[in-house]
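Two complexes follow with chain A in common, the first pairing it with chain B and the second with chain C.
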Partner chain A sequence: MRERLIRLGFTSGALILALGVTALLISMFDHSPIDVLETAWDGAFKDGRRFSAVVNFWIPLTLASIGLVVTFTAGLWNIGIEGQMIIGAVCASWAGLYFEAPSVILIPTCILLGAIGGMLWGMLAGLLKLRFGVHEIFGGVALNFIAANIAIYFISGPWQPPEGGSAQSTPPFQAAATLPRISDDLQFNLLFLLITIGAIIAIGLLLMFTRWGLTLRAVGKNAQSALLLGVRTERVTLSAFMVCGALGGIAGAHRVLQAYSSLRPSPAGGIGFLALLVVLLISFRAWWVPFIAFALAAIIAGSTRVKTLLQLDQSLAGVLQGLIVLTILIFNGLADRLTRKDHHE
Partner chain B sequence: MSDALVNSLNSIVAATTPLVIASIGETITERAGVINLSLNGSILLAAMAGFAAAQTSNSVIIGIGVAAMIGAAVALIIAFAAIELRRDQVAIGFVLTILTADLATFLGKPYVNIPGPRIPNMPIPLLSDIPVVGRIFFDHDLMVYFSFALVLMSWYWMFHTRYGLALRAVGENPQAAFARGTKVNYQRYIYTIIGGALVGVAGAAYSLSVKAGWFANAPMDGDGWIALAIVIFGGWHPFRVILGAYLFAALRRIVADLQSTVDFPLVLLNTLPWILMILTLMMVSSGTLERLTRLLPARLQRQFRNVLRSDPPAAIGTRFDKN
Partner chain C sequence: MQLKNIHKRFGQVHANNNISVTFHPGRVIGILGENGAGKSTLMKIIAGYQPADSGEIWLDGRPVNYHDPRDAISHGIGMLQQDPLDIGAFSVLENFVYGQSGGILLNRKTSRQQLIALCQQFNFELDPDTPVSQLSIAQRQQLEIIRLLGLGVKVLILDEPTTGISAAQKEQLFNTLKRLAKEQNMTILLVSHKLEDVLALCDEVIVLRAGQLVGDMQMPTTKAALVELMFGAQIQPVKRESRLQPNTPIVLDMQQVHLHDGRLDIPQINFSLRAGEVIGLAGLDGSGQALFMRACAGLIKPHAGRVFVKGQDLTGQSYHQFNRSGVIFAASGRLEEGLIADMTLTEHIALMYEQNTWINWRRAHQFTQRQIERFNVRGKPDDPIQALSGGNQQRVLMGLLPENATALILEQPTRGLDVDSARWIWDQLLTKNSAIIYSSADLDEIMTYSDRIIVFYAGRMKVIDDPHQVTVSDLGHYIGGDFS
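Let's turn to the complex of A and B:
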């Protein structure tokens, strides 16, 4: 009981510190932190349309985060998630631009191609690690930059608009690729929402109750002994990369279909990295993902409004999110230290 | 040698200096058993702050000092979280690399594209008159000479002083080092902070030496990750690290020059540094270098043992508890 109170206190302390530092930075730019907070809150929650923007950040962020729960459980640092999202976005864009079919076929095709693209890109990071000894952090970072350049290549080359390439965007997707929205007020897509909720439940249950989940955890805890106990660690590792990549790819497909309806440079927009922060914050527990992802998605959605109304750069959202994660990790450490001492005495 | 080639080599040396300084800083840190994964963001924040400070105070010295302090402060957070709080170094480093990059963008807004001071060029008398070599290596600013000195000093410190012996022991076998009376965690603090300060100086080298100023799409974004890979390629040895940095920069330059002569989409050429990074890491871990070493006579093998190893410090990323 006392330990719980200490932890709650430290977590609140961390949040207050993160908010305080951010408020200080805002005042340095001659803005009132209260104004910014109000504007951000309005930007995220004022009406159905604004709330929809939060949901539309929440969907890809949650998909990527839930994928990362899988890789982290297997002890893997899949920093390449951003690239897996980008390749997913590129593959979905191909269908959005050129695969002529009615909506009911086209949209699932986009999603499927996104998943396959992301899965293959994730598999590449896995193969580099397993076959060639390239640590997934370095392989992942390199694959991220390569993926970003591949997207730019298609935008400025083969897929450029007929009136000439501006390197800003491909032509808009076919009308059939437009995601149907639930209503005028709730402007998000039901299919993607269901996929996301399904992914949370599926991955959560798979990790808890199946042999695959058990082997993932075994490999993550101690790959050497798992191998000795007969777990095919290479296969498990590769499967983790592929599942995470596929979920990231679907997230990438959502980004291009929902946010732009065309392919643009850096379609993942840092959401993959943000997903890494989500998962670090909750120490890889699947059931927490949707809530933390929601809070961070609201910060992004709010910051777009702050940018338009108050001309504060959107990187402010990243600063606040980074500070929250850093302070919580550090304050958790302080709380650990404190409670550990209690046990000794 | 043609003038064009010499000039081009001269500019490669100038442009690679920040990469050399950052990689040496990280080498020192990792030799003590700590990973500072925040390099990419730290460099961005230090570059921005260094330029901003130099611009405001009109003194590049102050700019470099501020940049060094920022790098050291970020490193201190990692050391503190890892040593005192038992946090995962990689996790803290990753959060910091994201946070510092965003901070650089946010705080650097007022300094984008404005003119500012730059470290003046200072050819070294006599040395710069040597044909070819003089122009390539000794016709630069102080930051470049500092990088040369840094490589030599860090090598001498690591392999020829008892402090260096303690440093390596802390990274390889902290228990043994502790048993011999070395304060393991104290050493780790010191070298993480020094390494971080150097990373900060590398940031200042970008914004005050290579290309003065701060820009919306920071041109050095990504180089922090390359520096981390160069440390691995360099086998945690200063000489191989600087060699790796120059090789990398030279290849990058060749590729950039090719683009004007070869008909190949420019954007795909931009992927080459990253393909190169993957290939070098594949080469290091495949043991190619070790096989090459075995071809050398036994005596030479022993002498080059330090330069040719490719295993990381054995205790890297781990925690040391006295009890």
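Let's turn to the complex of A and C:
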């Protein structure tokens, strides 16, 4: 109990500090922090359209984050999440471009292919680690690079528009691949929203109540002990990569279907890396993912507005995010020290 | 150097209990003691790797206070680790220089001359420009010794320096150490399990047992006298009658097995374990028992030869396969290999026994409660495992062993337990009717519970088929390498 209070105190302290420093920075550029805050709030929530932008950013971010909760629980630094999203996007794009079917079939096919592509790409990182001893961070960085180049190859090669490629994008997807929106106000897709919420609940429950979840935790905390307690550690590791990859792949599919309706270079757009931050911030607790992801999505949407209205650079959002992450990590470290000291006494 | 009333506790273990001793310059002093007697702890305290809980260290008649190894070196105390702490990619010269005081720019020329001079002085053949990764262990030790000398060390601590080096290299090392003591009036502290090393090199020994200083002895002396000091008063234990029936089936069979790790080589093992048989492994730490036991459980793959479990060839298979055939391994490092820190008792039980997709946490919780009562664990089902004392962790580990295993491979199953708890654990183990291979640092325990005993010394094995034919002091001799 005491420990929780300390943690809560430290986390809110960190947030306040980060906001304070940002406010200070804003004042230094002769702007009122209050104005900026109001503008940012408007930018994220003023009307349905702006709110929809937040949600459409939130969906892939949450999917990738919840996938990373799985790999982090198994003690794996799945830096390759970005590449898993890209391959998911590429696979979904194939169906979006060439698989002729009515919407009801086409869109689920896009999602499924995205999931499979991401899963296989995640499995590759796992196999590199298990069979060849390549640490997942290095394997992940390499696979991200390869994935990005695969996307570029398709865009400027086999899938380039008939009028000649500019290497900027493939032709637009078939009309049937356009994601239906809930309404003119709420411009996001219900299926993806349900998949995302379902993924949060499913992963949360799987981690808490199944043997798989327990073995993930055991391997993450001490793989050698887990092995001796009868866990097939290699399988567990591989499954974590595959589940995370599949969720990342779905996130990638959402990116191409929702944001561009075509495949463009770097379809993941750094969301995978942002998801890594989300998961670090919440120390791998699944239930917190949607909230933190939402906050980050709102900050990003809000700061776009700040840029256009107040001529403040959009990188302000990046500064704020960076500050939040840093302060929370530092404060978490301090809280760790404090609570550990308690245990000793 | 004087130590005054040094105390160090790790949790419930009193690793160093009120140790006071004086080390004189110009002498080589052996530090003897069984596993866990507190030798390494004491040396780490002296070398600044960890602080004592209480007590003082005096140098040249005044108390000193230092906080880390660097600080200790500046007071003239250096330690040669079992694995030399050098940096592989660096050259000999670069390793020699690091740690030396001075400006940002290294004075390579002076250092090179100093290095060459020291090498000549001790007849070390070290080329300043060779990367350390290409040196043998003996050469890396030599480098570390002259590095510490270059830093002005007056007290040199060596932890098991003769593991992994050849007889000729050992000879050279010992000559060097003797010269350092006699010519440079240094104090040399030698931690070793190997009695013949101590006999060959030391001017005196001190012996630790269970954290206490139990004796010191001037050389020359005999191996038997040292063994007696190390293992305590020799009481003949009551031997268990063998339960073993003739013609019981073989459950684990090793044929022409060759085991090897970085330091140790066990060239040929032909060994079979019968159903229900209890085999005790004796030997000083690092003599091959750990390697042998891990090979029995499939955790180490043999270089050559075949391993059969219940007639089935499992050579090179995973631990999981051995597990399925009923071979269970429990390591001595509980929180490193065996238990999982930050997980609760119930979670451990669930990991072992809840094999269905969905875990029945209620059932796991109840079962944990029952095991806690049965194994007399002081702890609650929801306690994280690391909150328990070492002895209670050991009981939990025992509670995790399945009832119907074919063979249990147990590394030091009663380590850190008092006599009563140890006896109780054994009662539990023996009712399981599994075959058991276990290691122990307690010779009485080995004598009491084993149907057969295997003594390990530097990768060699001596099998004693009938424990009734040997005494504890015989075992002591075997452990010291006297197999005749």
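Just so it is clear, the second predicted complex is superposed on the first by the 299 of 345 C-alpha atoms of A that agree within 3 Å, B and C clash if a C-alpha of one lies under 4 Å from a C-alpha of the other, contacts with A are read in each partner's own complex, and residues count from 1 in each chain.
The rule is simple: a contact is a pair of C-beta atoms (placed from the backbone, for glycine too) under 8 Å apart; a residue touches a chain by one contact, two chains touch by 3 or more.
Source: prediction; values computed, not measured.
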### Query
Clash or fit: how do chain B and chain C relate after the overlay on chain A?
clash
### Task
Considering only the touch criterion stated at the top, classify A:Ile137 as touching first (chain B), second (chain C), both, or neither.
first
### Query
Who does A:Thr210 touch here: chain B (first), chain C (second), both, or neither?
second
### Query
Which chain makes contact with more of the residues of chain A, chain B or else chain C?
B
### Message
In the overlaid three-chain picture, which partner chain does A:Asp336 touch, first (chain B) or second (chain C), both, or neither?
### Response
first
### Message
Applying the document's definition of touch, where does A:Gly318 land relative to chain B and chain C: first, second, both, or neither?
### Response
first
### Message
Quick check for you: in the superposed arrangement, does A:Ser225 touch first (chain B), second (chain C), both or neither?
### Response
second
### Query
For A:Tyr98, is the partner it touches chain B (first), chain C (second), both, or none of the two (neither)?
neither
### Task
Would you sort A:Ile146 into first (chain B), second (chain C), both or neither based on which partner it touches?
first
### Query
Where along chain C is the clash with chain B: 57-65, 129-137 or 471-479?
129-137
## Note on the structure
Overlap of chain B and chain C contacts on chain A, residues none
### Task
Would you tell me which residues of chain A are touching chain C in their complex?
209-212, 214-215, 217-218, 221-222, 224-232
### Query
If you look only at chain B, which of its residues touch chain A in the complex?
37, 77, 81, 84-87, 90-92, 94-96, 98-99, 101-103, 105-107, 109, 222, 225, 228-229, 232, 265, 267-268, 270-271, 273-275, 277-278, 281-282, 285-286
## Note on the structure
chain C residues touching chain A in their complex are 319-320, 323, 329-331, 335-343, 347-348, 350-352, 354-359, 361, 400
## Note on the structure
Interface with chain B, chain A side, in the complex: residues 25, 28, 77, 79, 128, 132-135, 137-139, 141-143, 145-146, 149-150, 152-153, 156-157, 273, 276-277, 280, 313, 315-316, 318-319, 322-323, 325-326, 329-330, 333-334, 336-337
